[in-house]
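Letters A, B and C name the chains as they come in the text, with residue numbers starting at 1 for each one.
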Amino acid sequence: MTTWFRRGGFSTLLFLLPLIVIFGVFSWFPIVRAAVMSVQQTNLVTAPRFVGLDNFQTVFEDPLLWTAVQNTALFALIALVLGYPVPLVLAVIMSEVRRFRGVFTAIAYLPVVVPPVVAVLMWKVFYDARPEGVFNTMLGWVGLGPYQWLQSAGTAMPSLVIEATWAAAGGTVIIYLAALIAVPHELYEAAEVDGAGLWRKVWNVTMPQLRGVLLVTLILQIISTSQVFLEPFLFTGGGPANSTLTVLLLIYDYAFASSLGGDYGAATALSLMLAAFLAVMSAVYFWLTRTWSTS
Amino acid sequence: MKSYRRTTVALAAAAAVAGLLAGCSGSSDQPGTGGPIAISVVSLKPGSEQSAFDAFEEQVRQFEAANPGIDVTTQEYEWTGPTFTAQLAGGTLPTVFTVPFTDGQGLIARGQLADISQYIEGFGYTDQFNPAILAAGQGTDGHIYGVPTAAYGVGLHYNRTLFTQAGLDPNKPPTSWDEVRSYAKQIADRTGQAGYAEMTQENTGGWMLTSLTYALGGRMQQVQGENAQATIDNPQAVQALNLLRDMRWTDNSMGSNFLYDWAGINQDFAAGKIGMYMGGSDVYESLAQQNNINPDDYGLSVLPLQPGGKAGLLGGGTLAAVNVRATPEQAEAGAKWIDFYYMSKFVRENAAVLDAQTKANADQPVGMPQLPIFNRATLDQYNQWISPFVNVPLDQMSSFTNGIFQQDLAGEPPAHAQEMYAVLDSVVQAVLTDPNANINQLLTTADAEVQTILDRG
Amino acid sequence: MSTPTRTRPQPAPDGTAAAGSAPAPTRSRTGRRRDRPAEPVFRGIVSSSEWRSPSVRIGLGLTQALLLVGLVVVALGPLLWLVKASITPTQDTLRDPMALFPSGVDWANLSTAWSSVHIDLHFANSMIVASGAWLVQIVVATTGGYALSILKPRYGPVLYWLVLSTLFVPAVVLLVPLYLTVLSPPLIGQSLINTFWAVWLPAGANAFNVLLAKRFFDNLPGEIFEAARIDGAGPFRVFWSVLLPMSRPILGVISVFAFVAAWKDFLWPLLVLPDPDMQPLSVRLPTLANSIELDILLAALMISALIPVVLFLIFQRTFLRTAGLGGAIKG
């Protein structure tokens, strides 16, 4: 069969045309261009000039780089502490729901479908630092607060993470839930024959079975939190005092924040550095999923 | 306006498709010979009232009627660093746009603004400009690349209603920084609103810290010949930050938002949540057009300047410029628009009356206090021409209009002002959000950082 | 370089990957899940005998009830608050945000938001952006997947590898060069800035879609194409009349991906659509947030959230299946 189609070389090419054009212009070419631009000085006015590793040096000498890296790592860490165990616990409990599980999943997933910009702007109102703010009012009922939320270098980043976790946890729950349901029930039955109780089944059967998916979501979360942009951009603009400046925000600032024209070289240089880190993470991810799905 | 926008949307997709299919050879920016000259101009800030847009469109119609060969399209616009860069790089800036004084020299040096000397000189008032102000839009060759359309001084905006509620006399705004502090505390204590608030984001934090430092007698840069020296680490800047810290942490009179940008602080002020704040003296127009402020609330005063020393009032302004990508015909048409919309009202009575009348009819603010771009006599005459149409509460701004000419105006820092402001943003934010912020250390670090920027040239 | 194709559990022929098919309620849809033998009773960690024990049942029931309450408060609560606040006057929301309509309901907020601040316009823009991005992605994924999976040109594997390798390149690398590409695209010679093409076309370069489509097509029975060939159908006819009608499940998955991603996207449309009249909701709302009154803003936010929420409630199955599938690849 394949030989017959192969003869239609022209029509095959015709079918591949959209893919080749779109990927060529909007993916492959820009990727190559990024590599080239990182060793050039480009300001769109004068012709690009080769500058070797100057852009990388500029980035490395920028005191804000380390602030941004630390902040991004902090975001990833808090996101992990908050966003990693919570969906797992939710999913384990939800997997035991026998009736109306659909209601549970639907509610849990609801925040994910709210457009991120809407979620951030809404939470910005919640984080009103006045005692009359939404969260401060509610915490006031139990005698807590008022808290500064976004208005203090110490609490701004955790506040960002809380919103981000709210917005994303539902998706992780669904992934875990799928994995939980795929656990062969023979394993539980075997454990029961050995006299295992509920908790032992969770620890000795469920968790080992989830190891693969847990690792994958871990890597995925690291990949996505390293690229966090929307929350710091819209909540705090990187403030107060650069305490929520993330790597991606710094890239954006390099390229677009100066009103006299951006430093595209530094922006792409930093992008490539971040990409190198993410590529390692992706490679780990693919390696893991491969071993996971074949095992 | 609304139906116009709707049509735009409906046609946009179709036009885009058609444009791509047709290969888009004929750019709409390049009119054929004999056809109308198409230019695009910036209109008002996003979110302005519909009636403000209506008034603007009315002025566009007046212009097109007077210049039959020119076809004007409008684009709403608010100058902020990032959006401006993106538009600059993207080539999507309209034919005529505005930039702050601080960016004029940088943009001219980078060849981003069109030379419009010959057209502007044709209007016959270039020699009347205050030379110091015109310089903001002149290149090193002496040619005009940007026309100063408005000049402002930083003033102290205050909410008269909150003053009254706090037991303060709304006709007696503070005249020293000690009074600002004690008034702020009184407002905060008695009304629960922020007594004094400060902008801190998108370079406004640095802008306002510089204003306060100037008012206390300090300067942020020193220029010797070609070289600019950062002098951020000066005693007045320390004093300024200490004042902010005392208001924030000792008095707790600065409310609960320390991440205000320009639009955000205006919004909260108009909503009655702020007792006093520093800002450009021209901000009432925005407060009325965008934020729907109750005119009775509004008060404007000069900034208290520290007596003695070289305390100065930070002033700046707006340049109208023509896109360097414009054709000569478009540049000429753009210059005509600059003359029509921004300039002629200052020098011709009928233009002043028409402008004021159109705005007043649409219930838009007329008669905002401003600083002279030509000279004081010209401005006084202009104010007289438009006096029948003035609809802003000028008597509530009298302490500004009376006091401003006794103050020493000082221009914004000459080199890389916006970049310096960006560095200072985080300094101000640190002082306002961290009770243990080390002011001296923050300033030392910022000084070094800015010096690096200045040395880069 | 076939490793990435094993990133997920094998998709079943109907496109429902084992990972994603389960969470949606499937009770009454017998025959849908033919890959799994019919089970009389669902069982998970808890066995039927344990389930009969009152302590387990009460404990578990209580936990689940708590979970439900928790979910309603945490996940649904903010949205319910938004609905309330969207019809509450600003001053009430500022003074006591948790009170329920202390000075009455202000329905006018909604109409003001819709018409005066032009949520209608930006909503339409969002629809245009999402529809175009969806179409481009469908075209690229189906034609490309068809050629790579069925037509199999000699250079196919190389091309496929090139496509898949872009999965390793995070979007952030593309930000600036892609922006510059859109400024002066090759062949066209005119900037795409301020045209919807600037959002639509780059959306098509989505390797995951191609991967999904190709793997789905790989699993279709080859005899069908053979039969079509014997009937004299050419490659176009096969694509249009044989392949596409069989591909509805995978088209659904890609569609949800494409639509949701386009609806959510912020940074890219912010950069390429500076003209306020062309901006989708996500880009316009932050600008408006600084100029319109709080109650109008909250009404605008409510309207903007409502549409995807309603869509989700209607197409829950597809959404959740896609989430199970794609949650694992995004990022």
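General remarks:
Keep in mind that, in the parts below, a residue touches a chain if its C-beta (ideal position, glycine included) is under 8 Å from a C-beta of that chain, and two chains touch if they have at least 3 such contacts.
Remember, it's a predicted structure, so these values are computed and weren't measured experimentally.
Ranked by distance of CA centroids from chain A, the top chain is B. Among the chains, the centre nearest to the mean of all shown protein C-alpha atoms is found for A. Taking each chain's centre as the mean of its C-alpha atoms, chain A lies 16 Å from chain C. Mean C-alpha positions place chain B and chain C at a centre distance of 41 Å.
Mean C-alpha position of chain A lies 38 Å from that of chain B.
For chain C, the set of residues that touch two or more other chains comprises 94, 179, 183, 271, 294. Of all residues in chain A, those that touch two or more other chains are 44, 128, 133, 252, 255-256. Among the residues of chain B, those touching two or more other chains are numbered 86, 89, 261. Those residues of chain A lying in contact with chain B across their complex are 43-45, 63, 128-130, 133, 148, 150-153, 236-237, 239-242, 252, 255-262.
Chain C makes touch with chain A in their complex at residues 3-4, 6-10, 18-25, 42-47, 49-50, 56, 60, 63-64, 67-68, 71-72, 74-76, 78-79, 81-82, 85, 93-98, 136, 139-140, 143-144, 146-148, 150-154, 159, 162-163, 166-181, 183, 185-186, 201-202, 204-205, 207, 210, 222, 225-226, 229, 234-236, 239, 260, 263-264, 266-267, 271, 281-283, 285-286, 289, 294, 297-298, 301, 304-305, 308-309, 311-313, 316, 319-320, 323-324, 327-328, 330-331. For chain C in complex with chain B, the touching residues are 90, 94, 115-118, 121, 124-125, 128, 132, 179, 183, 188-191, 193-197, 271-272, 274-278, 287-288, 290-294.
Looking at the complex, you find that chain B touches chain C at residues 2, 5-6, 8-9, 12-13, 16, 19-20, 23-24, 27, 45-48, 50, 75-76, 83, 86-87, 89-92, 261, 263-264, 267, 271, 273, 290-292. On the chain A side of its complex with chain C, the touching residues are 1-2, 4-6, 8-9, 11-13, 15-20, 22-23, 25-31, 33-34, 37, 42, 44, 90, 92-98, 101-119, 121-126, 128, 132-134, 137-138, 166, 170-172, 174-175, 177-183, 185, 188-189, 192, 198, 201-202, 205-206, 216-217, 220-221, 223-224, 227, 229-230, 233-234, 248, 251-252, 255-256, 264, 267-268, 271-272, 274-275, 278-279, 282-283, 286-287, 289-290, 293-294.
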